[in-house]
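In the two complexes below, subunit A is the common chain; its partner is subunit B in one and subunit C in the other.
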Partner chain A sequence: MVKESYLMVDALAQRDNTFTRMDARVKVLLSVLALAAVVGLPGFKLPLFIFALTSALILAIRVPFKIVAGRMLPPVFLGIVVFLFMALFHQGSQVFSLEMLGLELKIYGEGLILGTTVLLRIISSVSILLCLSLTTPVHELGYALIWFHIPRVIVEILLLTYRYLFVLWDEGMRIRQAQAMRLGYPDWRNPAGWKKAVNSTSTLMAMVFIRAYDRAENTFSAMQIRGYNGDIAGQRYKKTA
Partner chain B sequence: MIIEVHQVQYTYSDGTKALEGVDFEIPGGQFTILLGPNGSGKTTFFKVITGLLNPEQGDIKIEGRPFREFSREELYKRIGFVFQDPNDQLFAPTVGDDVAFGPINLKLSPDEVSNRVRESLEMVGIPHLINKPVHYLSYGQKKRAAIAGVLAMKPDIIILDEPTAGLDPAGVREIMELLVKLNKKEKITILMATHDVDLVPLYADRIFILHMGHILLAGTPAEVFSQKETVRGAQLRLPRVAHLAEILAKRDHMAVAELPLTIGEARKMILANVNGDVNAYGS
Partner chain C sequence: MHIQDGFLVGKWAVAWYGAASVFIAKGVYDITWRTQKVMAYKPLLGLVSAAVFFISLLPIPVPVTGTSSHPAGTPVAAILVGPFVSMVLAVVALLLQALFFAHGGLSTLGANVFSMGVVGSLTGFGVFWLGRKAGLSLGIAAFLAGVLGDLAVYLSTSFQLALGMPGIHDQSVLKAFLTFLALFMPTQLPLALLEGLVTGGMVKYIAKVRPDILIKLGVLRETDEGESQNAENQK
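Now for the complex of A and B:
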């Protein structure tokens, strides 16, 4: 299910500022180059520099901290886990060790460096993508991808997903509220309530799936009426406004 | 006749007989309303006459030519269909992209596509929303955008499935006035479905009542609503003012020569009764 912060990111990308006004193709190109550099080049300096740059941009466009934290924390958490594994299990020269509960934990220098590199790469890659998504509405991103000759079917699926994500989110929320008002989610703390809530959630997911299917049928009919021939082809529309 | 339908039948795969021998004719240029309760077959009928469903039996002709002789492109240049839920129809990320979808499929030049997008959005009164993502529109704005998407195909007839469903009274009035404007000014034939009987006398030139897959009644609003018992038998009712006039005649012995269907007609009837000139309002 979509989180509220995803919808918020879309709303932020619709705002008018210097970065949202910039051509989406330039932003996509810069993001891809930055990602390639962060992932492909050795050392800490570049990822740190890019992270600082993207953080400054995020600050400049005044994105609420909650949104940034919500989007950054899950991959950062993953990066920390990877960092710990590397530091503890990557063989090499031991930097220091500590004893905990009768277990000796050894930290290796090479592992520490590799783990830090991976962690910094994850953080700066995520910040690049966050910047792109906070400054580029999805439909503009789609048209930029078509311009870069990304297979049209992929872009069309992206654009249709983007459009109907909001519709299905609304439908899912309506079903959830209807369930909640009839005690569909009584109490997660006791087993009976937990079982009931799981039951309600699975019903909700099944209903959203069925409605998505129905809607897809109707949307296909509506597209046929307007001469759909297998090609959404939005890029040929010459915008005048 | 722009559309002629003769003995059309349609049965769903679960055995539900949605249409059982429907006969229907729409003259060009008119504002026609298909009135029917929920489940009467209105949406199925619209899907059949727009070629989205194939009837098991019956003939459909568009401007005298059998339906099957039309290519899809030819057909959809003539007939536009606006779905009840605009979210079914608006699939593109922005309003402008959605409206451009039909003209692009007609393989028009980019300039012509842009002109049609602009014109259609101006006709429905939302040119300022051209670059707006669809999910930020209100329900009424989505309805207008859906109509604009069909208008951009420049059809001769627009079929609308319950276009006023889910709108507030001001939204209903705005959509109906828009449809009247398209009918009178742009000369587009309008066929819409509704079960809101109070709307019918205000806007329709001609109405059909569909009930359980059959056309029960057809004619002008005055002709159809004069068949009171048949209208009620179809799970519908008379317009409120007509019902009031019926009660005034029955319980208060007011002279009612002809059932008023609109507030204006009811006012004339009451004034005539007050002034003692009963014959004046019926003429």
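Now for the complex of A and C:
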């Protein structure tokens, strides 16, 4: 399920539209500036405005609702919890109170404002990153990051990680399925079953690591045949003098 | 859990970037240095990073409730590839999670790298190293590294939230820290123990079936128990 969502985002980023054709450097720069503004500046208006912009973009490139909901809901849920926490427990002037089941709920003005700010910040920053990932394939992002002088080492490992994450994912899930078929994951509400499940999990982790290690050697050979000399090839963007 | 965008005020977000970058620079320098000697090092790290990323997404079984949660992964990465290199792997994993998973965020990347990458790696590796020095077995040392590494991550996350949450300034840092800790601990204490269990189990299993990997990575010495275990297996 996690893998599908990743692959869907990747597939959407590979499509051809105005935003995917845009220079990745511009997109990265705009996203970073928008994020800085959302997090750094006070007030509601800017986060709301940016959220509206990004929503329009997401609508314009016709992203399936499931993806948007899947990506937005967990952080928004977290934001709502924080919002309630702040509205209920922050000291300040009381706006109104509610009698419920013999409990008195007091809502505080300052907390309400603060909670709303945090909630809006979370929503708009998640939507900014969603827009970036929906319009920029990972390799384009890699080129842009190199252009922005992010150390090549980090970018290279990032690209390799993204590439092999899915390969190892499939391999790991195959092992997990095989373990499950041999009753490796019994009902873990009882101690014996739980012990077995923990055992199976650590075996699976070790196996995935071992396979990754062995695959690294093959990957290196394959890269070497194609002329790898310790650095990923080249620059996409011409050096501006 | 990672700190989401919007949870830290701008000032602190930038400050944590600065704090983390010092350690990351050391990690990047180490990798570049190693690459000049062993050209296959970066592809290896790419694969290891993908494996640790996958491991950190795996559900680990939580007893009694029947639910599952997922481990942090940095302690085990620190044991396997060393603390500074594992910080760079944490940057990669957190960046990918922020961009493609809406987990964590870009403005809080510095803070998350510092708590999960820097503190998690240093604690995990430090505990493992001390444990081995003290003569503990591989599994036990890795178990302790997992438990304490995981706990250290959440201690520093609570501390970061206490310092930098918007609107927190009218409370004392200590009080806020304890509040966040009280929120985290009921769920995190058992999770830390589980992370320890799977970390220990994982390292022990690798030592059992492929001790050569651990020797190559410098976790085990030629003469260590892994070899003898392997010999037993082959009998």
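Going forward, the second predicted complex is superposed on the first by the 182 of 241 C-alpha atoms of A that agree within 3 Å, B and C clash if a C-alpha of one lies under 4 Å from a C-alpha of the other, contacts with A are read in each partner's own complex, and residues count from 1 in each chain.
The criterion applied here is as follows: a contact is a pair of C-beta atoms (placed from the backbone, for glycine too) under 8 Å apart; a residue touches a chain by one contact, two chains touch by 3 or more.
None of the values given here were measured: they were computed from a predicted structure.
J.: Thinking of the overlay built on chain A, is A:162 touched by subunit B (first), by subunit C (second), by both, or by neither?
T.: Both partners, subunit B and subunit C.
J.: Thinking of the overlay built on chain A, is A:69 touched by subunit B (first), by subunit C (second), by both, or by neither?
T.: A:69 contacts neither subunit B nor subunit C.
J.: Could you look at A:48 and tell me whether it touches subunit B, subunit C, both or neither (first, second, both, neither)?
T.: Neither partner.
J.: Of the two partner chains, subunit B (first) and subunit C (second), which one does A:153 touch, if any: first, second, both, or neither?
T.: In the superposition, A:153 touches subunit C alone.
J.: Output check: A:142 vs subunit B and subunit C. Expected answer is one of first, second, both, neither. What do you get?
T.: First partner only, subunit B.
J.: Check the residue A:180 against both partner chains and state whether it touches subunit B (first), subunit C (second), both, or neither.
T.: So A:180 meets neither subunit B nor subunit C here.
J.: Quick one: name whichever of subunit B and subunit C touches more residues of subunit A.
T.: Partner touching more subunit A residues in the overlay: C.
J.: One more residue to check, A:33. First (subunit B), second (subunit C), both or neither?
T.: Neither subunit B nor subunit C is touched by A:33.
J.: Contact-wise, after the overlay, does A:14 reach subunit B, subunit C, both or neither (first, second, both, neither)?
T.: first
J.: Tell me the contact category for A:60 with respect to subunit B and subunit C: first, second, both or neither.
T.: Once the two structures are laid over each other on A, A:60 reaches no partner at all.
J.: Please identify the positions on subunit A that touch both subunit B and subunit C, taking each partner from its own complex.
T.: The answer is residues 10, 159-160, 162-164, 167, 215, 219, 223-224, 228-229 of subunit A.
J.: Quick check on the complex: what are the subunit A residues that touch subunit C?
T.: So the residues of subunit A in touch with subunit C come to 2, 5-6, 9-10, 31-32, 35-36, 38-40, 71-72, 74-75, 78-79, 82, 86, 90-91, 110-111, 114, 117-118, 120-122, 125-126, 129-130, 132-133, 141, 151, 153-154, 156-165, 167-169, 172, 185, 187-189, 191, 194, 197-199, 201-213, 215-217, 219-220, 223-224, 228-230.
J.: Going by the contact rule at the top, pick out the subunit B residues touching subunit A in the complex.
T.: Per the touch definition, subunit B meets subunit A at residues 47, 50, 52, 72-73, 76, 79-81, 83, 85, 87-94, 96-97, 100-102, 104-106, 110-111, 113-114, 117-118, 127, 130-131, 133-136, 149-150, 153.
J.: Quick one: which bits of subunit A touch subunit B in the complex? Just the residue numbers, please.
T.: 10, 14, 137-139, 142, 159-160, 162-164, 166-167, 215, 218-219, 221-229, 232-234, 236-241
J.: So in the complex, the part of subunit C that touches subunit A is made up of which residues?
T.: Touch list, subunit C to subunit A: 4-10, 13, 24, 28, 31-32, 35-36, 39-40, 42-55, 57-66, 76, 80, 88-89, 91-93, 95-96, 98-103, 105-107, 166-167, 170, 194, 197-206, 209-210, 213.
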